[in-house]
Every structure is written in C-alpha cells, then in structure tokens.
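For reference, the structures are reproduced in the following blocks.
Each of the next two complexes has chain A plus one other chain: chain B in the first, chain C in the second.
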Partner chain A sequence: MNIRKLPVKNLERKPVRTAMLIILTALLSLAVFGGTLVERSLRSGLTSLETRLGADIIVVPASAKSQYDLESILLEGVPGHFYMKKDYLDKVGKIEGIEKISAQYYLATVTSGCCSMPLQLIGFDPQTDFTVKPWIRQNYSGELGEFEIVIGGNINSAVGKTLKFYNQSCTVVGTLARTGTELDNAVFATAQTIKALIKSSEALGLNGQTREDPEQIISTIQIKVQEGYDIDDVMNDINIHITRVQAVRTRSMISGVADSLAGTAYIIRVLIAAVWVLALVILFAAFAAMVNERKREFAVLRVIGTSRSRLARIILAESALVSLLGGVFGILLGTAVVFPFSNLIESKLGLPFLLPGTGDILLLAALTLAVSVLVGAAAASYAAVKLSRVDTGLILREGN
Partner chain B sequence: MILNAEIISKKYMRKSGEANFFYAVRETSLALTAGSITGVIGRSGSGKSTLLNMMAGLLSPSAGKVTLDGTDLYALSDKELSVLRNQNIGVIPQGQTGLDSLTALDNIKLPYALYHNDRQIDDRADELLHAVGIAHLADAYPSELSGGELRRLAIARALIMQPGIILADEPTGDLDDENTATVLGLLRKAADDGAAVLLVTHDADARQYADVLYRMDAGVLAEA
Partner chain C sequence: MKKKNTVSLFLGVCILLCSLSLTVGVRTLFHACVHDDGAFGACHWAQQAIFGAGIVLSVLSLVRLLFPGNGVKLGLDLGIIVNALLAALTPGILIHLCMMDTMVCNALMRPIVCAIAAVIAILALIDTIILGKSAKEGKSA
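Entry: the complex of A and B
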C-alpha cells in the first residue's frame, strides 16, 4: 500500500465517473486546441498570401481586368492567362516612384493528353524578379534552367521527376512549402521556359489567347514602389498616363480575404469562448458533485489522520490525472479533425488555410495541456476548499 | 494515555443570530483511562456522536478543551493534530467507512501508509485480519463485504497503529447478535491490551462490556 497510488486507484475503481470527467476535459482541450489551430491556420494563410504578394502594384491588360477574376489568378493561382505587349514594361518603368519592376508570364495547362495535369504555369524573369525568387529560394537555392520547374506544395510529383506540358517535358528541381492557397497547385519556371511552352501550346492549337510572338508579350508587371512615394499615387499615375492597362493595388485585392478571415476568426473565438464557459461551468459542477459524493470517503481519510493539505493533494492529483488524460485526448481528437480535413476546411471557408509549423503546433498542444490541467486543478481546488471548511465530525454525522 | 474532555460543549445555530441556537452537547467533562472501556449510551440524537467527534479532534467544541496527556488537541495545527490522531487515536466511525478503491487489506494498512513508505506493517495487518476474522477477504473490496465484515474492517483499521485511545461510534449498529458479540469482544481485548476505549452505543448489550457507563440525554452526560 502506497499512499501515492491512492489517486490512481480511486480513478481506476470508478471508471464511469473517471471517463465522464475525462470526456469533459477532452471537450475543453478540443475547443482550445482545435479552435486555436484553425484560427492560426487561417492567419498563417493570410500572412503567406501577403508575403507572396511582394509587389505593391500589379499591372494587367485592361481587357483582363474585365474578363477575369484577377484576384483568383494573381493571388490564388487559379489557372488562367492573358497577355499584353512587352512595350508596356518600358512605359510603366518610366513612371516616377518605381523601385523595382518585373514582368510575369502566365499559361494555363489543359486536361488533354499533352499535359500531365491542369494547373497554372507562372514564368518570371530571373534578372529582375523580386516576388517569386525570394519565395522559391526558401526551398530551392539554385538557378532555374530551361525546362526546369519548381512545383507548388500540392502537386503530386517530386524532385527529379518530369512533368509534361504541351508535349514538352519539364524537370522538377524543387518543391515549394505550402501556402494554403491555389498557388500550391501552380508551377514556376523562368520566362524563357514559359515562352517555349506558349509556343508549343500555339503549335498544338490549344492557346487561343494570342497570336503574338511569345518574345513580345507579357502577362503582368509587378511593381515595388520606392520608399517615400505613395503607392496610390504611383498606381493612379500609371492608370492616367498609360492606356490599355490597369494598375491594381495588391493590398486591396486581399482586403476581401482579410475581412472574411477577421469575421471567421471572430466566430471561432466566440465559439471557443462559449465552449469554454460551458465546459468550465460543467467541470466546476462535476468536480463539486464528485467531492460532494465522496465527502464521507474524504472524512474517513481525515479520521485516520490525513491532514487537510494532504487531502487537497490527493484531490488535486486525481484532477491533474483526469485533466492530463482529457487534455491529451482532446488534442489527439483536434489533430484527427483539423489535420486530415484541412483541405475541406479551406474549401468550405473559402479562405487560405496554412497549418502552423510543427514547433508552433507542439507549443499550442503544450499550452492546451497546461490550460486543461490548470482548469481541472482550479475546479478541484474550489471543491476541496469548500470541503475543508466543514468539520469532519459534521460530515460523518450527515451520512448517518 | 489519558484523553480528557474538560467542560466541553457544542452549540449550533439554527438560523443566523445568537438567540436562536441549541446545544448538541452541554458542558461535559469525561476522562478516558488506559485499560478500560467507557460506555456512553443514549437515544439517537442525544449528542453521543458529537461528544465522540469532539474527543477525536474532528469537531471543534464551542467551549472547553480536549487534552491528550496534557496536550490541547485544538491548540495544535491541522497537520500536528492529524499526525497525533494517526498515531494515538483509533476512530471507528458509524456506518460503512471502507474506501471503495482499496482492498480490505489496503484499507487496514492505510493509516500506516499515510506517514510511512515501507512494508513493516504487513505482518501486523495480517494478524489483525485474522483477529477480526476476515483474513479470507484480504483482497476483497468494501462493496463485496457484509455490514459485519465492514465493521470488523473498521476495527482492524483503527487498531493498526496500536493507538492508546480507541473511539468507537455505534460499532454494533445494524449487526446481528453474533457479529455484535465479535465486535464488542474485539474492543474488550483492545482495552485489556491497554487501550482507553470509548464505546458510544444505543445497544443495551454493550453494558456488559463497559467498565464505566454513562447515559447521554439531550446533550447532558450523567452516570448510568
């Protein structure tokens, strides 16, 4: 007989009561862990999107602005393509206040036999690019050669394998970290590679967008505004002085996403708070009921010489064990719900969803466990303090 | 070892306000001496259990003091009083008092395990199991024991620390004649071995086991 084993024995011998308390604390930790993880993932998705933007202003053909959902194509990598003459790069570059400028080239692949899969190809100019390269560099340090590609995190391929686009084989040299957006389904290559693929698509009669020489066209112009210049002023200058193009401020494109995210995050926080309040009330009531139900048992412990502090330690040890188990189950349940269904959550919410890194998730799990144990301890302490205020003799008399 | 109650009383408030109270025990003095059984008989609600609980250090008196060999129990800290009770006072409370999560044997060893981390008590626990006649139930849980077996379990647990004082509250309540005789015989033996025993009961048969007998009526203790 070891007194330290008493809390474990108490829990073992009352499996239904123990299971109910574990389920309650599991619900609490599920709400904390799962809810916070979803909220964090949505925030990570937005941050990733903002980082990905890099440019302050994107210039597109005026016709594209009316024909396409630019936000989807430019920010989320939804397949689509449009072109304008390369001359616009020089014209826009002469506007005052531009620090960096670079062209990009888009080409959507198709589902027919010429391509491995339908997705968005994005070409950049390695000499001038300032938006794609920093991102790619996180996962691929080399320079991209002709028909070499870096693929988004969702594309089912691997480094060293080849993908076929418009009958041209491209070698995968890198895989990007997930962004939580459709960009995870995009392929990145140099402008030269994309131009070659545009030519191939035209040769196959699969690109109805342009009959221009691929060397003379671009899809978008990415602009970084010089410090000291107002981004809106530069954007307005472009729109006023250069015809047939449309300059769009990138931040305005994600404001809708950010608003949706703020709303969703608010709802999640309210739900977490509601579950918390409910679980706290139930947990306090459950521990109070448990102590009340067992007060004769605790009185017997006092009779044989257990001090109030030791009795409190026994009650706290039981609550800590229950809370720890409940916390772990809640976290496992949260993991089982959020991780496998992250794509479903993303599509249902319509927001970028990017799970935090392993370190952050482990930290969140540890904090959730700490919160579960603390709340369990608080509930048990409350019940124990109430019990300690009653004379043992009165409790013994009550039961008879 | 002498446990002495010196003019103790216990009053309870019926509602808030000093005027509306009643005495469960009126000013009472009682001394328990080694080697004898002091019996207190009386009807239910007469204040017998309240008196016992005050003498056990489990219920603070409204007035007066309880001393064990001169030490005022209620002047001690909770921890000091708990240790003192563990080592010197064996209490047999009313009703079923076995811990459901422990076997009969572990229940008996529990008072020792509170302050010791060794197995020196194992032999004495076995002896007591045999002495109270439940050795065959060592591994049974309280829910598997009868009322008489549970009462014998409580006696063995009260005796495990070889206390100088034993306070038994209705130890024969609801027991049949055979079990009553067994339980009272065990208390008699403890007294004969040198313990000071307080036997609180409404059982008339208990009279024959007591060396000194008192009657309690409406909180007032008088020699029977």
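Entry: the complex of A and C
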C-alpha cells in the first residue's frame, strides 16, 4: 500500500473514532462561525440603525413620552401613533440653531386576518423631509404620489401590487433594502396619503387617538441642528420655551440599544470561548489517546523504515483531514441555522439584526475553516511530539 | 452486504423519525400563525398541506421499514424523496404564507419544514444509492 494513502486508510479503518473527531471539530467551527455571524449581524443592525438617524433631535407630544416606548417607535418603527397640533412646527422652527426641520405623521394599522399584522405607516413631507427621502432614494428614484407607498424589506409584496389599509388601496412603488430593525416592517408614504388614511381610520372608528382635523396635526418634528450650535443646547431651548412637547436627542435613545447589544455580544463571546476551551481540551486528549492506542502500529511503521518526520506527517495529515471535514460540516450547520432563522433570532433578541454581506460571510467561513484546521494541527502536533519520544524497541517488546 | 443492510435500516429509522416529527411538529411546535378572531389565512392551509404530506411520508417510511424486499424499499425511497420535496416547496412557494417575514409562519414554520424535508430527502437519496449498489452487486454475484 502507498504510504501517502495511509492517513485516509487509518481514518476509514476506525469510522466511529473518525466520526467523533469530525463531530468535535464541527462543533468548534459551528461555535466560531455561528457565534461570530450572530455577533456581526447585531453590530450591522446597530450600524444600520445609526445610519437611519438623519435627525439630531426629535420633538414629540409630552404625553407620548409617558404613554409609549419612544425609542421603539421613533428609531425602530414599532407600531404606535400620537399627535400634536401642527402649530408646534412653526413654534419649534423659531428656535435658534435649527438648520432643517420637517414634520412626520404616524399611523399604526390594526391586525386583520391572517396575512396582516400591525404595521407602522410613516408619512413625511416631501418638500422639507431630510430623513426618509435619502433612504428611499436608494431604492426608488421617483416622487411618491397619493396612495403610493414604499414598503420595508420584511413585507412580502412587490412593486405594482396594492396593499389595503383602512379600506384604502395603496400601490407599492418600491421596496426598501433591509435594515435589520423594525423599520423593515414599516410603510412609507407622503403626508397627504397618511392624512387620508387617518381620515379613513377615523371613519371606520379605529383611530381613537384624535378628534382633530388630520390637516391640523403632526406626530413628530425632525430637527437637524446647524453647525456651530450645540445639539443639547438647542434641545434644552425647545424643552424650556415650548410647553406640551418634549425634545429628545436621537443619539441618547440609541445608547440603550447599544448597551443591550454590548451585553448580548459579550455573552456570545463568552460562549464561543467556553466551547473553544472545551473543544481544545477534548481534541488534545483525543489525539493523545489515539497515539497511545496506536503505539504498536507506529512502532511497526518505524521498524519497516518509516522516518519519525514521516510518522508526524501521517498524524498531521489525519488531523488536517478530520479538521477540514469537521470545519466544513460546522460551517454548513451554522449556515443552516443562522440564515433561515435570522428573522426568529431578531424577534427573540429584540435587537437590530442585519446579516453581513456575502463577501464578509465568505471571509468568515474561510477564517473559521483555517482556525479549525490550525487547532486540529496544534492538537496533532502535541501527539506527534509525544510519539517522537517513544522507544520503538520497548513498545514492540511490551507487546510480546 | 450485512453492513449495507444495517446502514439502510438505520437510515429507514431516521427517515421515519423525521417524518413523524414533521407531521406532529407542524401542528404543535412550529405551527402556522394563530389568530385571535379564529380566521384562517393562507398559512393555515399551507400547514394543513404539510401535515398531509407528513402523514404520507410517515406511512411510506413505516412501510419501507416493514417490507423486506430491496426493490420495494427502492421504490418507496423514491416516493419519499418526491413527497419530501413537495413538503419543502409547500410553504411560501406552492401556498403563500403571511405578509411579514417576521411572522411565525415565515420565521419558524417555513425554515423548520424545509430543513426536515431536506434531511428526509437526503437520507432517502443516500438509501437509494446504497440499495442501488446492493442490487447491482447481487446481480453480478
């Protein structure tokens, strides 16, 4: 038999031991690949959320701050709605240090039947908007007409189809790229469309929020502060001089999400480290036991003229094969778990979750594979060194 | 030959267990969306279709275990592969699911059904190859 084929033959001869070693390395690479992918996706989600923040300050009705989780509604598009009089837009606009100002209109749909769930409808003023339009423009270049909508990446519909809200049919003209946040479940339209939908919802008796004329109300005021002005000073100015509204700094709201993410990422890193330590110990023990068990086999190979370095290469080749197979299985398993269940992971964690791009994922897979092979080689090197110190004659005499 | 029969028996048991978990799971652990008003949507009918396909898969895999002939097993394996593909294609492709990707039918039912159906199809395919080789070896002997 060709000695080059010996590592493969050795692995084939002991299928249970080989399978166990492959499973072990597969677990190692699953932990590295799956864990890192989830951590990266959480970070991508946060970055995506940060890039969606076009406004420095958001002004909401004072009552909304106590009634709603503003962070979820304003940053993540969790369905909810509140209104204040349109006059506040002019009042806030007079505060010094404001570069851009625009109103937004919120309306949450109601659950109806199987194929609908509460959605956040977000209306913006095309003339003054500086937060939603730049984002929409990445996917839709035209101007939104009445009852035309752009939908978030999680909504299963297509351009040209219609969605019905409060008995009004709206035509989908664009689908936004995923952000990994609840904004993927939101629908964007012009202020006119949202006002018409507010009227329809009131006609159906489904909007108990306001008795005001939809033309005279707004939900939030988005503010971009002029360069040279301190954002906190502008925010405090609004809070001091204008009553019944609350100005909130967007960066302070995102810090809560960032803190939760840091905690989750830390737990994931600890778990990966624990699996690593465990797998490393077991791999070292497994290869050491394997060499012990096969001392006579290696002694015979030495007697027939196989050099010590050749023996070491046989062990390293076996470990490389096992680690490679295990690494590939682990990556495939990680792919099969993380990708199809990404929506479930996102909803269970309650954090922005956006899978990285294909290039990053392929790079991560390659690194995981390299790490698996290196760890396997390290464990086998230890066994090979141990083997090089074995007295061949003594081993063969022990057998007699 | 004996080793191949043992592997085939092991694969048969795995296929039966997967088929049963698909049948029971789609009505319990990874069911379609539940509605407060009791209305049924498209995802409910997808669940019912998968449940039906699961029953067919369970019966086929049970019969496959009980019948001794390799020819019969081979035929049943092919039936299992086709049914598993049918189960995998039902949610989202043959029958539409709910509007939002984050809803239970899209986030949980669909990926689990596809995963189990893919495992069943792969196991049955491996068994088909093993049985096909055994049949060839038997003829040449």
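As a working rule, the second predicted complex is superposed on the first by the 381 of 400 C-alpha atoms of A that agree within 3 Å, B and C clash if a C-alpha of one lies under 4 Å from a C-alpha of the other, contacts with A are read in each partner's own complex, and residues count from 1 in each chain.
Here, contacts are C-beta pairs under 8 Å (C-beta built on N, C-alpha and C of every residue); 3 or more make two chains touch, one makes a residue touch a chain.
These numbers come from a predicted model, not from an experiment.
Shared-chain residue A:321: touches no atom of chain B or chain C.
Once chain A of one complex is fitted onto chain A of the other, the partner contacts of A:391 are limited to chain B, with no touch recorded for chain C.
Once chain A of one complex is fitted onto chain A of the other, the partner contacts of A:14 are limited to chain B, with no touch recorded for chain C. Looking at the superposition, the partner that touches the larger set of chain A residues, chain B or chain C, turns out to be B. By the touch criterion defined above, A:383 lies against neither chain B nor chain C after alignment on the C-alpha atoms of chain A. By the touch criterion defined above, A:32 lies against neither chain B nor chain C after alignment on the C-alpha atoms of chain A. In the superposed model, A:154 makes contact with chain C only, not with chain B.
Those residues of chain A lying in contact with chain C across their complex are 111, 113-117, 153-157, 184-185, 336, 340-341, 343-344, 346-347.
In the complex of the two chains, the chain A residues touching chain B come out as 1-3, 6, 9-10, 12-14, 296-297, 299-310, 391-394, 396-397, 399-400. The residues of chain B lying in touch with chain A in their complex are 49-50, 53-54, 56, 58-60, 78-79, 82-87, 91, 93-95, 97, 99-102, 105-106, 109-115, 117, 141, 157, 169. The touching residues of chain C, when paired with chain A in their complex, are 32-33, 35-37, 39-44, 96-103, 106-108, 110-111, 114-115.
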